[in-house]
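Both of the next two complexes hold chain A, though its partner changes from chain B to chain C.
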Partner chain A sequence: MNTVLSRANSLFAFSLSVMAALTFGCFITTAFKDRSVPVDIHVSRVMLKNVDDFTGPRERSDLGFITFDLSADLKPIFDWNVKQLFLYLSAEYATKSNALNQVVLWDKIVLRGESTKLNLRDMKSKYFFFDDGNGLRANKNITLTLSWNVVPNAGILPLVMGAGRMSVPFPESYETTKSY
Partner chain B sequence: MSFQKTLTRRMLSLDFLDDVRRMNKRQLYYQVLNFGMIVSSALMIWKGLMVVTGSESPIVVVLSGSMEPAFHRGDLLFLTNRVEDPIRVGEIVVFRIEGREIPIVHRVLKIHEKENGDIKFLTKGDNNAVDDRGLYKQGQHWLEKKDVVGRARGFVPYIGIVTILMNDYPKFKYAVLFLLGLFVLVHRE
Partner chain C sequence: MISYLPNCRTNMLSIFNSIPTHMDYKGQKLAEQIFQGIILVSAVIGFAYGLIIEQFGWTVYIVLAGFAVSCLLTLPPWPMYRQNPLSWQPALPETTGETQQKPQENLKKKKHK
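Coming up: the complex of A and B.
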C-alpha cells in the first residue's frame, strides 16, 4: 500500500464492492413487497363504430370509444427502490375469433417525486381501441383494469394489477352519426 | 553486457517478467489450464442461465433511448422467456424483427390470443409517440412468439455501459481482452 497505483486499485475495488452490495440491498429489501393499492374505475360513455383499421391491417374492424374516470392513491407504492410507475388502463375481453384480447387504452408515467394522487375525470382513451375483427359489437363483457409496471432503481420489474375493475358491455349497433 | 541488461530492465520496470522466466514448463501449463478453466466456467454459467430462463440471451444491454425515463442506454436487463408465462399487455419484451440483428426493448400494447395459444401482439416504446408498426417488416402488422427473445424481469442501471463502449470502440475491446489474458497468464497465484 505504498504506491499511488496500488492505493487507487484498492479504493476502486472497494467502491465497486460497496456499490454492488448497496444495489443488492436495494433489490432484496423490496423484492417481496405487495405493490397493489385499491383503484376506482368508472365508465361514463361507450360508443362503437365499424371502420377500416387505419392503424394497421386495413380491414373493416370494430372501433370502440370509452370515456372513463380514474381515481387511486399511489403513495403507498413508492419507497426507496421505486424509480417510476408506468400506469396503463387495459381492456380485456373475449371474442368468437380470439379467446383473449387485451388492449391498452391509456397510459401514464408517474415519476418518483411527482404527485401520487390520481384523480382523472372524463378521460378519453389515448390509443385507438380497434378489435381484430368485429368482436366488440354486442360484447357483453369488456373488463377495464388499471395496472402498473414498477420500475425500481435496481431489482425486479413487477406488473401489478390495481384492486378494482369495471366491466362494461358494448352496444348492439354501430354509431354512424356522432363523432367522438 | 550484464550491466546494460540490468539497467534496461530496471528502467522499464519489467520485474514481473522475472516471475515468468522462473516458471518451469509444468507451471506454465498450469497457468494456461487455469486460464482455460476461467473461460469455460464463464461459458458454463452463461449457458446455464440460458437454460434456466428459457431465453437465448438472458442478459441484454439497453441500446436506445426509446424506453426513457425507465431505461437509459447502458442499463442491464435480465430476461426470461418461459413458455408457461404467456405474453400479456404491459410487459416489457425484447424482440428481434425478422431479418434484423438488433434486439429492441419495448412494451406490449395490444394482444390477440387464440384458444390454441397462438398469439399476435403489438408493441410501443414508452418514449415514442407511435406504436412500432413503422419498425416492423414491410407488410407486417403484428409480432409473434417466435420474434421474442425474452421478457424483462429484472433491471440494474448503468453496468452495461462497458458493453456499449466495447462495441463502439472495438480497439478498446481488444485492449481489455489482451490485458486480461496477459494478467491471468503472468500472475502466479
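Coming up: the complex of A and C.
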C-alpha cells in the first residue's frame, strides 16, 4: 500500500475476488431451479424408405422422414444465469439389436433476448433419421422428445428433458417413390 | 546506472522529489478501507440490481464502475492520505556531516580512476 503500484495490485486483487464471489452467487441463486417446461410435439406425417446407407452397413437401411409440429414457451427457463439454450429433438426407440436407440432429428439454438415462444408448423427434420438396420419398419413405439442444454454464465451445464413426448407408429411398408 | 549523466539526474530528481508520492501509515489504512468499502457496496448494489432485472452483465458493469471510482480515489496519493506524517527525530549535525562527506569522497575517487 506504500506505492501506486502496490495499491493498484491490492485493489485489482480485491475486485477480482469480489467478482468471483458474485459469479458464485449468480450460480447459487439459479442452481436448484427446475428448468423443465411443457412441450407439445405433434407429428403430422411419417414416411419410411429403404435406401443404401453408404456410411453404415452393406445392406439397405431404414430411413425415416418425419414432419412435425412443435410448440413450447421457453420463457420460464431463462434467467440471469442463462446465455443460450440448445434445443434438440431426438427419437428414441428399441430394436432387436439395441435396447435403446437415440437419433437427433432436429436442433435449434435460442439465444438470450430472442423470442422464447417456439411455435413451429410442418417442420422437416434437419438430420437423416437412419436406423443401422431395418429397425424402423413396423416399429410401433418411436418416441420423440425435446431436450435442451442450458448454457450458463457460471456453473453447471444442465441437460433437461422437456415434459411432453410423442409416440409415433411407423408404417409397415416402404415408400418406393424416388423423390425425397 | 545514472552516474554518467550527473546534471540530468539532479534535475529530474528535483522534479520528481517535488511531487509528493507517499502516503503515511494512517493514509494507507484509510485508502484500503475506502477501496474495500466502495467495491463491496458496488458489489451488493450490482448483485441486487442484476438479480432484479435478470442481467448478470449489469452486475459486472456496476462492480467495474466501483473499481474505477476506487482507483480514482485511492491510487493517486491525495493530500488526505498525508494528514498524519511521522515525527522523525531531528537530524544531528555531527552524524549528518560524516554521512554527507563519505559518499562525496567515494564519487571523487571513482571519477579520478
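Just so we're on the same page, the second predicted complex is superposed on the first by the 172 of 180 C-alpha atoms of A that agree within 3 Å, B and C clash if a C-alpha of one lies under 4 Å from a C-alpha of the other, contacts with A are read in each partner's own complex, and residues count from 1 in each chain.
Following the convention adopted for this analysis, contacts are C-beta pairs under 8 Å (C-beta built on N, C-alpha and C of every residue); 3 or more make two chains touch, one makes a residue touch a chain.
Keep in mind that what you see is a predicted model, and the values were worked out from it rather than measured.
After superposition onto chain A, the partners chain B and chain C occupy separate space and fit alongside each other.
In the superposition on chain A, A:L111 makes contact with chain B only, not with chain C.
After overlaying the two complexes on the shared chain, residue contacts for A:Q102 are found with chain B alone; chain C is out of touch. In the superposition on chain A, A:F54 makes contact with neither chain B nor chain C. In the superposed model, A:W80 makes contact with chain C only, not with chain B. Look at A:L22: by the touch rule set out above, it reaches chain C but stays clear of chain B. Legend: residue contacts after superposition of the two complexes on their common chain; A:D132 is shown touching chain B, with no touch to chain C.
Seen from the CA centre of chain A, the centres of chain B and chain C span an angle of about 40°, rounded to a multiple of 10.
In the superposition on chain A, contact is made by A:N153 with both chain B and chain C. Here chain B and chain C are compared by how many residues of chain A each touches, and B touches more.
Figure legend note: chain B and chain C, brought together by superposition on chain A, show a least Cα distance of 7 Å. Chain A residues in contact with chain B (one complex) as well as with chain C (other complex) are 23, 153. Residue ranges on chain B touching chain A, taken from their complex, read 69-71, 88-92, 107, 109-115, 120, 122, 126, 131, 133, 141-142, 152-157. The residues of chain A lying in touch with chain B in their complex are 23, 27, 55-57, 83-84, 86, 88, 90, 97-104, 109, 111, 127, 132, 147, 149, 151-157, 159. Within the complex, the chain C residues that touch chain A are 21-23, 28-29, 31-32, 35-36, 39-40, 43, 46-47, 50-51, 53-56, 59-60, 63, 66-67, 70-71, 74-77. Residues 1-4, 7-8, 10-12, 14-15, 18-19, 21-23, 25-26, 29, 78-81, 153 of chain A are the ones touching chain C in the complex.
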